[in-house]
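To start, I am sharing the structure in question, which I have written as structure tokens.
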């Protein structure tokens, strides 16, 4: 597949006019905070694409990095440009890249994997032993431009708005979690209505769940859950989760639980609310170890529990693509804010307040 | 679970007032036709239920029995009351039946299985080696009353209309076929838009397929396919199936095919239209053996092919229950005629004409 | 299938000569201990078989019942004849039983299930909501005779010795645990070498595991593990489990862990020793709730965890039958003691000492 | 991973002393035959390895190419060096290759895939839409040296002899076919005892099948089947396949069939011999389309049929690695001839005679 003359034309033009530096949100030093800096525009190495970033999502992980928590301290090596959720337009193709054209819009998988470890070679690249993450280990997408391996790019469905294409990475977490067990004709509970939980409500519905139950403690988030069309919404600060789930499922319990909160009680309640032989898929990261009554909650009920991380590469993207392209899935109610990347600090504050779903940033010059 | 006084009351009353004979559509002799006769009302043996039939569906198999084709001749032992799709109200419970109450409405699995063969004991009762079928090997539901094993009864969802509850058996064929492979976020083609094909369109949609393609040669049936909300409808008498499927799936082909026609070309086209690694589930019964280019259509593409019969007992019923109870699935557009059982011959003629979807019969006195 | 005259003859004879009472090991009162008593010989009700017990296994659960721990106190209603693992000869068939002949030897599933709850109807009878267990809720097999539902009987493979046929119930636990995930060409670790762990070593090997690793702290049990042909045996009181497993698996970790000990550290070590994307199947019952570093051990590694109870009814029995019948599986090294049922107290003491694998009892008069 | 000085040393030395041309078996022109020629030694491009070939297997496909059948005529573009099954020693590493060391012995996947089509991106690289095959579309291993993508190389288990490492590609076909359905505790029939069928007997046994049945018409091949330890061997020229299979499986039929012959009757017999709900995996390529009684053989029995091609990349290789490394699988009885590559014509004649299992060639200078 060679670029058409028109496409080649487009290549040349931006390349010629592109400035040598750009603005980016950079974790500059080993400590709290992040700053907007002028940094060099990257180039597309062999097998890479250079993207002009159009939209980028802010993630809970970005809050941890901003706060410089223990995990960040142990993992990161500043300076690093932040941002692991984004969509961009291809402005340059490195050597050996033939599967994309200049000008195409692609969303990106954030895990850059080794392709040679056992996990990678046996279809489990999402748990690659040598993963490096864009915006954490490698420069990310909170910038005007970002360079990514072409193998990490996925053509954005033409029908979805840019802010949706910009958050396919976390949407993929929701898809991966939901699709790790049966969904069709199933009752599914989503515990925790942060952005990925909210996405999961929509995913479960679009993927054929016949009853989607959502729980949280925040009235703001429960309202978003309703707007994502959860069939049952439970405020666990006031209501008994297990009783309400049983009532909604003919007394049997749910077929599956998608645990998105990392909260020990949510997980225990989720297991209690499962029907015999059900499954719980665990994406939410607990802050610390916690105990479980294994016999009663798991063994005697014949439960299957899935630990979930990342996205299957790229089965999850194919599923997500079909959900979005068909129009069956609409996650816009969960995207509550779209704001200039320049206001990155404001986005952080907003997320810290809890009164936001997904927040999407628009880089400098990408407002169109 | 013991009957409440009220329920016990209800038992006694109908039993006392029930006539000793009833009207039934009976295959009376070894030859074409069937007749409406006065026959004894059955009683509920140990482990059985006696149902007052409320609605009953007419199936293609009933046409074969009516015409007394070779299969019927080899299998049936008249006199037998016809009808293997029906819903009824429980009017009598045999000894050892505690899981149902008098007055409940139940739809029925038609396969009466042995529970002791290897298939039965390993979760494959739908291919029991000793199956007897209601309305074929045992007296069926084209009558005022029918006796069935309580284990074959499934509580009809309260929200579905009687004519829908009356055809859960063939709907279960559609569910079993569809659920024999992935559905969520999949593109699915249904080849053949008879009643079960039409049901399958609705099932695939409700179960999370993101693109449902239907094909047939009859304008009447293609119109019903549209009313069942197929995303793409293909008239294979005028259009190229494979090309249209490819166009609807980004050039890749469909993830799954549900073959409902028994037509050799439909199966070959279905295999051609599958993406690499897809699945074809085969419920339609070919009239006679036919050949296949195995290498090109199946092996080189890494296809999986499922032979489907009956319904998984009772996983399929549980799935169907949730699809109907939730309201996600509405098969009413495929039920084109509801008529008195007295007009059985007319129903047969209607089905033979091809200008009908599912035809449902109302027994004498069950019009309410 | 009707009994041949010879078989009928056999029926009549024992029935005529059978005494009206028999010896049995009975939990007589709500407190520690159990006693050998003379009790009435049961009869085979409708759908039941009366068995002359030939061999019966003693289980850890029997120790709990003997000690009258909290679980026993909450569950049991003495007097109850103990024993839920046994093989017997059919000496009487109740009404409606046609699938067995008098004189056949059958091993028995201990879970008597309801067949009407959702779990039962969807192929998950092993987690039936209304299970009653032979030897716990119903009179069991520590007796000269026992009555069982015919549906719970499984023809014992002719080639296996009686003491093996007598412990197919706990062997089935091992099979169910092992078969809850991939085995063929897999490395499998078994943590805990009690009788079921020892069985699991043999099952994993016979079922195609290419490396079977066993761990325990008891030199006696580790020696039995070696005799069951574990490829690697780890004494976790002296050796680092995770390091040794990694060394035995090319540094990757094992594909699967079968957790048989209920020990928190065994489970944590098992999870640490799994390769990315592996599975842990959990049969061992922890004494109390314990915590886990969910992120590191489960989520980041994409692990699947299965809670296991009972045996799939009856897929597990079919698998076990083929393993035994083929001679691929030989569990005799794990059966360390066969002794008269009269010495029940001695068997209990032996098991409490820890210096026993599986202990099998021979009822009065069944020595042949 | 960078080469140690010692390894780098080794690199340099062979490179310096290596001749610029080598001997190879080349399909030189568009017509029957092949010839031994002096051709340039290839070099390792970016991401590639240069191997000194140690052993290479001759495949049925090589016979088709030699005979220049219609398939070859439609696909090949001579001149091409033949040979798609081989093991070699790494003598040169191209740019970007870090996962292997010089001097390592690797066996090779023959399918060079695109990594960008839908099949490749969703874990189905074995049905890549753009596959190129070594020895067919690209120069292969019937030569002193061959260049391969490093991603196609798999470290040969140290314990297996060179002739076994040389045929891991066709062994992988057997593993892929066998592992496409359940094996543990299953009865498995292998229809067709060519080299891949013979391998499949060993694979099924090592992977936990409890009864392996083999069929063919050639006494020579049936004898090899016995040496591969098939439990039952059926000469279908003299014996009734279905009857013998039923007799060997308690009357139920086999759990799975691995069809390796491409013979229509073998496939029909295989389907007839399956138990209800069994699976047939189809690797053998029929010479032309043939018909099937779909209803009786597939639908009424609820059979699943898998079309198989290539090897899962690289799950199959991981499974094969563990089978070989553990010593559970020994395919040496199926390798009947090891001969100099110089005698290529003799190897072709031998295979055409039918009196050979797998034939392995030793390149010039690789006798050590």
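Here are a few things to note about the model shown:
Letters A, B, C and D name the chains as they come in the text, with residue numbers starting at 1 for each one.
In this text, a contact is a pair of C-beta atoms (placed from the backbone, for glycine too) under 8 Å apart; a residue touches a chain by one contact, two chains touch by 3 or more.
Nothing here was measured: the structure is a model prediction, and the numbers come from that model.
Here the chain-to-chain distance from subunit A to subunit C, counted in touching steps, is 1.
The interface holding more C-beta pairs in contact, when B-D is weighed against A-B, is B-D.
Mean C-alpha positions place subunit A and subunit B at a centre distance of 42 Å.
Centroids built from CA atoms put subunit D at 45 Å from subunit B. Residues of subunit C in contact with two or more other chains: 118, 122, 318. Of all residues in subunit C, only 175, 179, 183-187, 206-211, 231, 318-320, 322-323, 325-326, 328 touch subunit D in the complex they form.
The touching residues of subunit D, when paired with subunit A in their complex, are 46, 99, 115-116, 118, 121-123, 151, 312-315, 317-318. Those residues of subunit C whose C-beta lies close enough to touch subunit A in the complex are 118-119, 122, 124, 126-129, 252, 275-277, 282-283, 285-286, 289-295, 298-309.
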